[in-house]
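First chain A sits with chain B, and in the next complex the same chain sits with chain C.
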Partner chain A sequence: MAAASPTFRQLGPGRVDPRPWLLLSPCLATLGLFFVVPLAWLVRLSLYERATGPGGFYLADTLTVEHYGRVLTDPYFNRLAFATARLGLIVTVAAMALAYPLAAYLWRAGPGLKGATLLAVLLPKFTNLLVAMYGLLVLLANAGPINLVLLASGLIREPLPMFANLFAVVVGETLIIAPYPILIIATALHGVDSQLVDAARGMGAGPLRAFFEVPFKLTLPSVLLAALVSLIWALGAFTAPVVLGNPELYPAAVEVYTQTFEDVNWPLGATLAVVNSLFVLVLVLAAYLLQRRIERGLGR
Partner chain B sequence: MIHHLFALLAATYLLAPLLFCLLVSVADSNTLDLSFSTGYLSLRWYREFFADPRWLAGLWNSLQIASITVPLALVSGTTAAVAFERWRFRGRALVGAAILTPLFVPPVVLGIQSLAFHQRIGLWGTPLSIAIAHSLWATPLVFTVMRASLASIDPLLEAAACGLGASPLRAFVLVTAPQMLPGFVTAIFFAFVISLNEFIMALFLATPRTQTLPTLIWPQVRYNVTPVVAAASGVTILITVGVLLVASRLMDLRKMLTS
Partner chain C sequence: MRISRRNDALSQFSILNSQFPAVELLGITKRYGPNLALDDVSLTITPGELLFVLGPSGAGKSTLLRVIGGYEQPDAGRLSIDGRPMDGVPVHRRDVGMVFQSYALFPHMSVEDNVGFGLRMRGIDGSERAERLRWALDLVRLEGMEGRFPRQLSGGQQQRVALARSIAYRPALLLLDEPFASLDRRLRDEMRVELRQLQKRLGIATIFVTHDQEESLTMADRVVVLHRGKVQQVAAPAELYNSPANPFVASFIGEMNVMRGVVVVANGTVAEARVGGLLLRIVSDQALDEGDRATVCLRAERIGLHSRPNPPSPFPKGKGEPPPFPLGEGLADRSVTVDGHVRFSSYLGSSTLYLVEMADGSVLKVSEPNAAGLARFAPGDAVTLSWPADAAMVFKG
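Moving on, here comes the complex of A and B:
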């Protein structure tokens, strides 16, 4: 896509070609009307007082920051923030620990094994994630097949508690999130010339050192991106904590749902969503700055 | 050797829950405590699924919403992709990032903001409301797929058609558009499947009249686990595989047409 490519129709300086903007207008109009405006409305909603009687979802003509005060100071919400961050970090680490080796495997595998592995990564994404959660629910149950096999083999006397706890939530949420970092890192590795590894080996590096010095360092920005995407999704975890966890493990996203539908306190639900989004925004900015530093450090 | 073992374990972890769910859906057992003591296979849970008007209504709503999502995402995603692959303009990088942004917003945030806004403008409770929310994710996917599709097409062919006297629009329709067909099919598949399977936004937006299949599965998984849920999940898997088969068929068809 060089600037001189004949694909790009260029006009003289100072004139704006209206055609690309015309083509972009359906996309930008829907994005504006159904993403940006609702986001602004969400912020406004978080500043209303909650509805007092039935029939309404918020109290019109009010303006208050009481929900933000509550979210930031109430010990209940502090515990919620802690649970959310803890789950987000654990799931991110688990997803990355699965993603990098599997992406490296995809990079070096032959076409047949590569196709089969890729299918295994993509298939859960092409199906409803409740299907996978339901399958895990059955697999991890006290009377599920894993426990039955372990009991029958005499390795354990009592069923292992693998259900309604943090372990189950991490197993489930990692399953939901792992395909994203796998695909991001696999794409990055795909662009690395594997002859560079041979060159490093030829110059006397061991296999691990050769991998670390060439592909790993070259894909470091993508690793960061993959970790960031995992963290963003893990901080918004909703499905696995509810299906496989218990109320003490519920993160912020579940609380948004509870406030909206069970307590019918839309302004507080909106506040939680806004705070979550702001936190993600800070993370994205921090990662962007870090990525620039890494790229400069690599001399690019 | 150890890397093959790792890949096998990883693939098992990713696929076992799916396969197990399918297994439960065809087992002739009342409970989930599967000892498979009976060992019989049966379609009773599928029969129960198709005999229940609630599940059928959910299936119908899901298909309807996915069918609305596809054209919404296809129009905005494809036109934007053409603009990106054929023109350079000021703010291109920024617009590109903006189009992809909804993919990185947690579905709960998209769900509550759509609920609040759709309630305000009177859209809440219609299938269109859920389809619009789903197109927030489907559009950037279509955009990405169509950009890759357009980038792989030699623009000189279109230029040659123009040189031979075709108008730019005619050259695009006759030369470039047919080559975009595989991209289109992939994009339709992605948009359809994402809408069919998405359930957190649907959970926020669905009303009793617009329950989708996943939102009907949800309380069952939470509170009242019977194998009908596995059958309902099995139905969504079957539809996905069906769409995938049709999509790959269409791509073969196009290969036959061009060869």
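Moving on, here comes the complex of A and C:
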């Protein structure tokens, strides 16, 4: 910590400065009440037996791990895990492929263009999520503008199948997620002195090599963070698969909803949610360890 | 200052025997919108020369460096390095080393990787790379620092890394953009001596940009004075100091009194000029005529100070005309004396800078060495100023 930046006073042993806790309490209370408590309840819920008759969602006073066994071994749920992971990976790659070039553009753009581009990046976020997805549905439909133009130009004879399939889901989900990696990487690049590129060029690096050796390597930890954020979001995809996909493509989040509210199997829905969350937690830990390795490599 | 000796490396600088100028600029012009950053700049830098580019901020110094380095394209003019025309040659093919004011060290690379970067970009590896690395680190006395990262180094050490990095691949030309600007005074003085010796040993043509006139006078082979994108003068330091080409150069270097006046009586190159409310004897190197406008530049250290009884000041401040000066009478006398009062003094240790107000209210800067370690005069003291008439430089117009 720099000496000039004010920190909370140390009051000595046994005395606690109340101010940091005052500042933290609204968030801590909200997080505890509406996240930690329900999460604990979710875990407990996943260990109940399913209620068979009407009038209940689970059998009180039971304790079983049968739902975990089913989620981990049933081929149906294995296919679900595969579909979820596949969608997550494709969307992450797509979002990152959009994000890095755009962030690099923002790095070098003048203030006017930069502002306009940032606005364009954030614009989809100003729209209601469902409205955006239905808009996409209209755009990608067999009778939508894209197919009409392609048919009229004679490039295709039959409409391209662009909705109710993986393509549509990836487009929709990427649209939702891409702003986050763009902003994360743009912020990281913003902190890189462009004179470093000049220096690399002067020492004999071509334009691409210079970019790769300096700004790209310097922003690697942020690239990893951006990819992780994208992946976590994509693993929780719900709206785009429901609006733009078909039941075969439904990922875990949709299945949690189906099990809980349509099949009224609360314990199984809870189990799916817990397994999904644990998987994400493992990913975050792995990414954290990888990031530490990269930063050590970067000499931080 | 010690610099380790590895003279074997010197012979590897083939440019020492080059028949071409290290750099040649012909009519280089660069515009930014309506502003002329460089206005028809022509320059020749000889192999092994340490050339300084001196000017106030905004003079176009950095633009000149960036044009030579290839970071900016000139709008007009020709540039060649070591006889090779640079039209269309990108930065990374120019074989130029550059040290930036901010050093621009790569924060994610160790000292070794920073210094070895240029070698890696040239595909030099293995034992040759190791040998050249050792050579470069040795030159700037950074042995044993290979594994450190820039943030673990002091400002002076970072400066050395930047220098080692730019010479490790033995470029044909070294460009330095205010490299010592962020060092403290003592370190800067050390680095000046060190860099000067290093540059001479390597025999590498070097262009050093600075706004610090002292730096350019102490280090340069030749100095280019740049102002508003135009070359004002190219000269060795002593010539620049003693024979400035114009009032700008004269006033930019050293403590200078610049006075504007009109020639009243002239006899060839000797004349009397009315400057403010004073008549001053001046000697020019050009013939002067009555009515000529003249800019008189007089260095603060060329003026002598003599004490004078205080109370009966002949010219009470702000009142009366100066006594009638016998016009033309003293043209043969080659010294000038004027009375005044010390208004302000600034003690600088080895010398004192006085502001002396004369009868007509104008103020001259006078610098005097402190013979006894103390200032001789205090504000309010009545003094007589004197200087040889030919000590003042006279520019017509």
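Keep in mind that, in the parts below, the second predicted complex is superposed on the first by the 286 of 300 C-alpha atoms of A that agree within 3 Å, B and C clash if a C-alpha of one lies under 4 Å from a C-alpha of the other, contacts with A are read in each partner's own complex, and residues count from 1 in each chain.
Note that in this section a residue touches a chain if its C-beta (ideal position, glycine included) is under 8 Å from a C-beta of that chain, and two chains touch if they have at least 3 such contacts.
Please read all numbers here as calculations on a predicted model, not as lab measurements.
In the superposition on chain A, A:189 contacts neither chain B nor chain C. Shared-chain residue A:120: touches chain B; no touch with chain C. By the touch criterion defined above, A:203 lies against chain C but remains apart from chain B after alignment on the C-alpha atoms of chain A. After overlaying the two complexes on the shared chain, residue contacts for A:94 are found with neither chain B nor chain C.
When both complexes are overlaid on chain A, the residue A:217 reaches chain C alone and has no touch with chain B.
When the two complexes are overlaid on their common chain A, residue A:177 makes contact with neither chain B nor chain C.
Comparing chain B with chain C, the partner in contact with more residues of chain A is B. Shared contact residues on chain A (touching chain B in one structure, chain C in the other): none found.
Within the complex formed with chain A, the residues of chain B that make contact are 3-4, 6-7, 10-11, 13-21, 24, 32-35, 72, 75-77, 79-80, 82-90, 95, 98-99, 101-102, 104-110, 112-117, 119-120, 132-133, 135-136, 139, 143, 151, 155-156, 159, 193, 196-197, 199-200, 203-204, 213-214, 217-218, 221-222, 225, 229-230, 233, 236-237, 240, 244. Chain contact summary for the complex, chain C toward chain A: residues 69, 71, 90-94, 96-98, 100, 102, 104-110, 117-118, 121-122, 149, 165-166, 169. On the side of chain A, the complex with chain B involves touching residues 1, 3, 5-10, 16-17, 19-21, 23-28, 30-31, 34-35, 37-39, 41-42, 45, 57, 98, 101-102, 105, 108-109, 113, 116-117, 120-121, 123-124, 126-139, 141, 143-145, 148, 175, 178-179, 229, 232-233, 235-236, 238-239, 242-243, 253, 256-257, 260, 266, 269-270, 273, 276-277, 280, 284.
Contact residues of chain A toward chain C in the complex are 193, 195-196, 198-207, 209-210, 213-214, 217-218, 298-300.
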